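Residue numbering begins at 1 within each chain, and the chains themselves are lettered A, B, C and D in the order written.
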C-alpha cells in the first residue's frame, strides 16, 4: 500500500484478490490470514538472502512436479537453474514469480513472506521476470512498451488526471532504457514488426525497466540464432553486478558462462547445488543430464 | 474537413427527419391512440386498435363538421417509451384526447404528465386501482375496469356458494396483489379462510409445477387466481396435468379464460369459474349485434379488450356530440363524458364522476362445453358495480 | 494508445452547430431527441471506458443506469432533495454498487465477465421489479428537474433541459478524455492488450480494473440520474438486459475505444430507434407501417453488419476516411 | 407443509425435469465454449425456434412425434447455416466479436419469430400416449414430465458414451484441453467444432420441442431460459460434461425449491448462488484444466 499515494482513486479501493483470498481461506480453514505483511526481517542486508524458496512442494493431480526444493540466493548472486524437461524448472519458476501458489513451502523475498502474494506485489517488492515465450504489447511501439513499464516503475501509473504525455520523466527514462539496451534504433517500431531476437531483448528490457533487485530470466536465448545468442549473453553479462539473477537455460554453455552457482533439478528434486565447475565435474549430473543432451 | 461535414450532415438530417410532419389541418379532431403495437402486450394493443377502428367506422368519423383523425403511437409495452410517446402526441401532434394504455406500468408513467398537461386521457385497459383511487385525476377517465372492481364481489359470492378454504395465486406485481387483496377482503369477511398464497415472479416463471405442488399441499376448497395471456394458457394446462382439476375448484379473475384463448385451452378449462366485466356470451341484443359485426370483420369472437375500446369510441363520440364537436374547453369535454350513458355490449355503461372509473356489471361465468368447443356461460351478474372513492377526491 | 482521435475537432464543431440550431430553431420533439442522445452518449461513453479501453465487455451496464435513476427518484421524491443534490448522491450510490459488484465481476475475464455482468443487470432489474418501496413494477413518478430560476431559466422547458444534458455530456467527455489520456488510462489499455505482462510489471491489475469499473458505474449512474429527470419517471425496465444490450450496441456501432465514437453510436441508435419505430418512416419508403413494430429486427441486422463489416465501428470508418483524406491532401500539397 | 412427503416427491420431480431441460441446453453451449472459447448467446433463440418449429410441424402433421424428429433437425440446420454464413468467416477474429454477432441475432430472432408466428402465446398438446398421469410413490404426476426427465437421461447417457467411445468424442475431449495441440496432430478441429456446434443446436431444438407441451410458446421465452443456461455453464465450469450435469441439477433444484420455500428471494437465489460459486471457485465447480 505504501507505494500508492493516499489520494489515488486506485489506492483507496480494496483489492479483489485480497478480499477473495481472505474469504476463501475463511471458507477453507475458518481462520483469516494476516492482512498485513510481517515486519521486514532485520539484520545485515548484505548477508541476508534476497530470495529464499524453502521446501517448495507442488503437484498437478498425482504428479509431484517439485518436491521439497530449497533455493537461496544472496544479493548479487547469479544463479542458474537446469534440469531435463519435466524436472520442474518452470513450475518452480512460476512459484517464485507468483503465478502458482505451492502446496507446501514458502517463498521469501528480501525477508518478506510472499508465498501467497500476487505477481504484481512481488514485482513491487523488486522481483522482475521475463517470459519464456515473448509476452509483449505487440501492437504498440518499443517506446510505448517501455513507457508502460517505466510508468509503473516511476509510480505514476495510477495518476488519472494528468496526461501521460506530460509525464516527461517517464518517457525520458523509457528512452534511456532503450538506448542502454541497444533498442534506441527501433524506438518507434511497432513491436510485432521487430525480429525475434530484438523482441527477446525488449522482453528483458521491460523487466529491467522496473529497476528490480532480482531478475528472473526464463530461457533468455530460447529459439535464437547463434549471433543473437551471443548478443543476449553480452547483454546479460553487462547487467549491473548488484542485480541478482535467476536464470533457467537449456544452453549449458550459456549458463556456465554467466552463473555463479547452479541448481540441478531432476524429477522435482534438487540433484545438486554448487558452482559451475562442481556441476560440470559431477558424475551424477553428467549421467543424468549432460549425457542425455 | 470531410469528416466534419459528414458528421454535421448526418446529425442534421437525422434530427430533421424526426421533426417532419407536424401539425396542419386545424379543423380535424385529433385522437391520440396510445397502445403497445410491439413488446409483450403487442397483441392486445392490436386487438384494441382494431376495435377502435371498427367503433369509428360504426359511429362515424365526423362530429360537428370536424373529422376525427386517429394518431397512433406505440408504447412498446414499456413505461419510458409510453411516456415519450404521450409527450409526442400532446406536444407535437397536438391531439385533443388520448385513448389507450394496456399496461398499468405505462399508465403510471404517463399519469403525472397527462395530469399536468390537462389533456383528457381515456384508459382502455390498465386496471391499477390507484389510477382512479388515490392518484386519480380530473383528466383521466377509465372505461375498462379497476383491479378490485372485478374481484371484490367474488369473495362473498364464493363463500356463499360453500367454498370455505381458498388458496390464492397471482404473479408478484401490483395488479396481482390488488386482485388477490380485493378477493381476500370479501372472502374472509364472509367467513372464508385463506389456506395459503403464492406469488410467482412475473415474467420469470417458466413452470407452474412448483407452485401447484404448494397449492396442493395446502388442501384448499378453491384456488383463486389471476393470470392472463400466455401464463393463463399454461396455468390451465398444468392445472389439469397435475390432476388438480378433479380435486379442487379453480376460480379467478376471468382473464384466466379470456375469449382470446379459451378455445385453445379447451377441455382443460371446463369447470373454471371466472369474474369479468364482459363475456362474449352475454345475451343482450346490443352484444349480439356487436359480436356479429366483429365476427364478420375478424372471423373470431370479440374479447373484453375489444369491447372496452369499442365502448370508448362511443363515449368519445357521444361526448363530442354534446359539446357540438368543440374540443377547446377540455374540462367541458370531460364533463360531457360524465353525462354519457348507454347500454353497450357489456351492459349499462357510465362514468362515475366521483372517481372517473366506469360503473358496469361484473359477470360470473363458468367455462362449459359448447358443441365441439368451449365457452363461458354466465351464472351470475353483479349489477352496476361502482368503486368506492379509495382516496380519490374529485 | 488512446488519444489519437482525428475527428475530435469536427465532432465538437458538429455538436456546437447542432446545439446552436436546436436552441434557436428546434421544436419540442427535436429537444426531446437531443436530450435523449446526450444522456445515452454519457451512458455509452461510460461503458466505452470499460469495453473499449479496459477490454471488459459488460452486458449489465444498465444496472448502474437503473441504480442512478432510482437513487435520484428516491432522494427527490422521498426526501425532497433538490435534483442536483440527488444527482450527486445517485452517482455515489451507483459507484458503491459498482464497487461491490466489481469485486465479483473483475475476478473473471472475457466471456465469463459477459455472463457475470448479464446476471448482475438482471439481479438489479429483479430487485427493483419486486421492491414495493420503490413502486415495484409500476416504478416511481414525479421526479423534478433542477431549479434554474436563479439563471432565469426553467428546466422544465425542453430546450433548456436538452441544453443542460448536452453540457453534461461535454463535461463527461472531457473528464473521460483526461482519464483515458492519463497514465491510468494507458494502463487500462495495456491491461486489455496483455494482462499477464502488466501484472508481471508490478501493476495491481485487479485494482485498476475495479477502479475503471467503479468510474464507469458512477458515470453510468449519472446518466441514469439524468434520464430520471428527463422522463420524470423511473421503472425497472431501465435495468433490463435490453438496455445493457442497446448501450453496448451503441459503443460497438460507434467504435470501441473512442469516446466520440461512443457518443456518435448513441446518436445513431437513438435516431434509428425513433425512425424505425415510426410507421410514417416505413410508409415514406413505400412499405407497410406495420413494420414499425419490428424495428428491433432491423437494428439487430444493422448491429451484426457493423460487427462484421466495420470492426472498428462507424467512427473508426469515418476516422480512417478522414486520415486518408488528409494524406491525399498532404500528397497534393 | 414443506416437509410433507407428497410435496417433496412432486417438487423433486419438478426440479429434476427443469434440470434435464437445462442440461440439454447447457451441454452444447458448454462444450462449444470449451473448444472455441466462444459462447453462443443466441442459444436461447434456437430453443425458442425449436419450440415454434414444433408448433408448425404439429399443425401440419398433427403428430408430436414427427415434430420431435423434425424440429430439432430444423434447428440444427439453422445452426449449420449460421455457422457457414457467419461464424466460419470469423474464426480468426476474436471470440468476443463472434459473441457479439450472436447477441445481435437475439434481437433478430425475437422479431423474426413475432413476424412469422405472431405475438400471442401458443401451446401444443401433449401427445396422446403421454397425456395421462402416473402415480409416483403415491403422488399424481403428469406422465409427460417424466418423459422429459427420461429424454434428458437418455441424452446424458448417449453423450457420455459418445465422448468416451467415439473418435469425435476423443477429439472433442482433447480439443477442450488444448486446441492448438489437437490441430498440430493434423486433426481437423474445425470439422469437429462444426459437428459439435450443430449437435449443440440440435439439443437446443430438442429442448424447445420437449418443453413446448409444458411451457407456453411465446416470443421472449428465449431470454429467460438463456440466463438460466448461462448460469448453469458458469456454475458448472465450461467445457465439462460433469459440470453441465451437476450445474443443471444444482440450478434446477435450487430454482424449483427456492421459488416456493423462499418466494421473497425467488428472483435472486440463483444469482446469489452463482456469485457464491464464483467467489470460491472462479472457474466453476468443475473447471477444465487447460494446458497452454
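Note that contacts are C-beta pairs under 8 Å (C-beta built on N, C-alpha and C of every residue); 3 or more make two chains touch, one makes a residue touch a chain.
Please read these numbers as outputs of a predicted model, since none were measured by experiment.
Touching chain B and chain D together: C.
Farthest from chain D in terms of Cα centroid separation is A.
By number of C-beta pairs in contact, B-C leads when C-D and B-C are compared. One simple way to say how far apart two chains are is to compare their mean CA positions; for chain A and chain D this gives 45 Å. Averaging C-alpha coordinates per chain places the centre of chain C 33 Å away from that of chain D. With centres set at the average Cα position, the gap from chain A to chain B is 70 Å.
Averaging Cα coordinates per chain places chain B and chain C 35 Å apart. Among the residues of chain B, those in touch with two or more other chains are 38, 42, 172, 201, 203-204. Counting partner chains per residue, chain D has residues 114, 267, 279 touching two or more of them.
Under the contact definition stated at the top, the residues of chain A that touch 2 or more other chains are 20. On the chain B side of its complex with chain D, the touching residues are 38, 40, 42-43, 172, 196, 198-201, 203-207, 209-211, 213-214, 216-218, 229-231, 233-234, 237-238, 241-243, 260-261, 264. Chain A contributes residues 9-10, 13-17, 19-20, 97, 118-124, 128-129, 131, 135-140, 144, 147-149, 151-153, 156-165, 167, 170, 206-207, 209-210 to its touches with chain C in the complex. Residues 1, 3, 99, 102-103, 106-107, 178-179, 181-187, 190, 193-194, 196-208, 210-211, 214-215 of chain C touch chain A in their complex. Interface residues of chain B, counted against chain C in their complex, comprise 1-4, 6-8, 10-12, 14-15, 17-19, 21-22, 37-38, 42, 72, 74, 76, 78-80, 83-84, 87-88, 91-92, 104-105, 108-109, 111-113, 128, 172-174, 201-204.
Residues of chain D that touch chain C in their complex: 33, 37-39, 86, 90, 93, 95-97, 99-101, 103-108, 110-112, 114-115, 223, 227, 230-231, 233-234, 264, 267-268, 271, 274-275, 278-279, 282-283.
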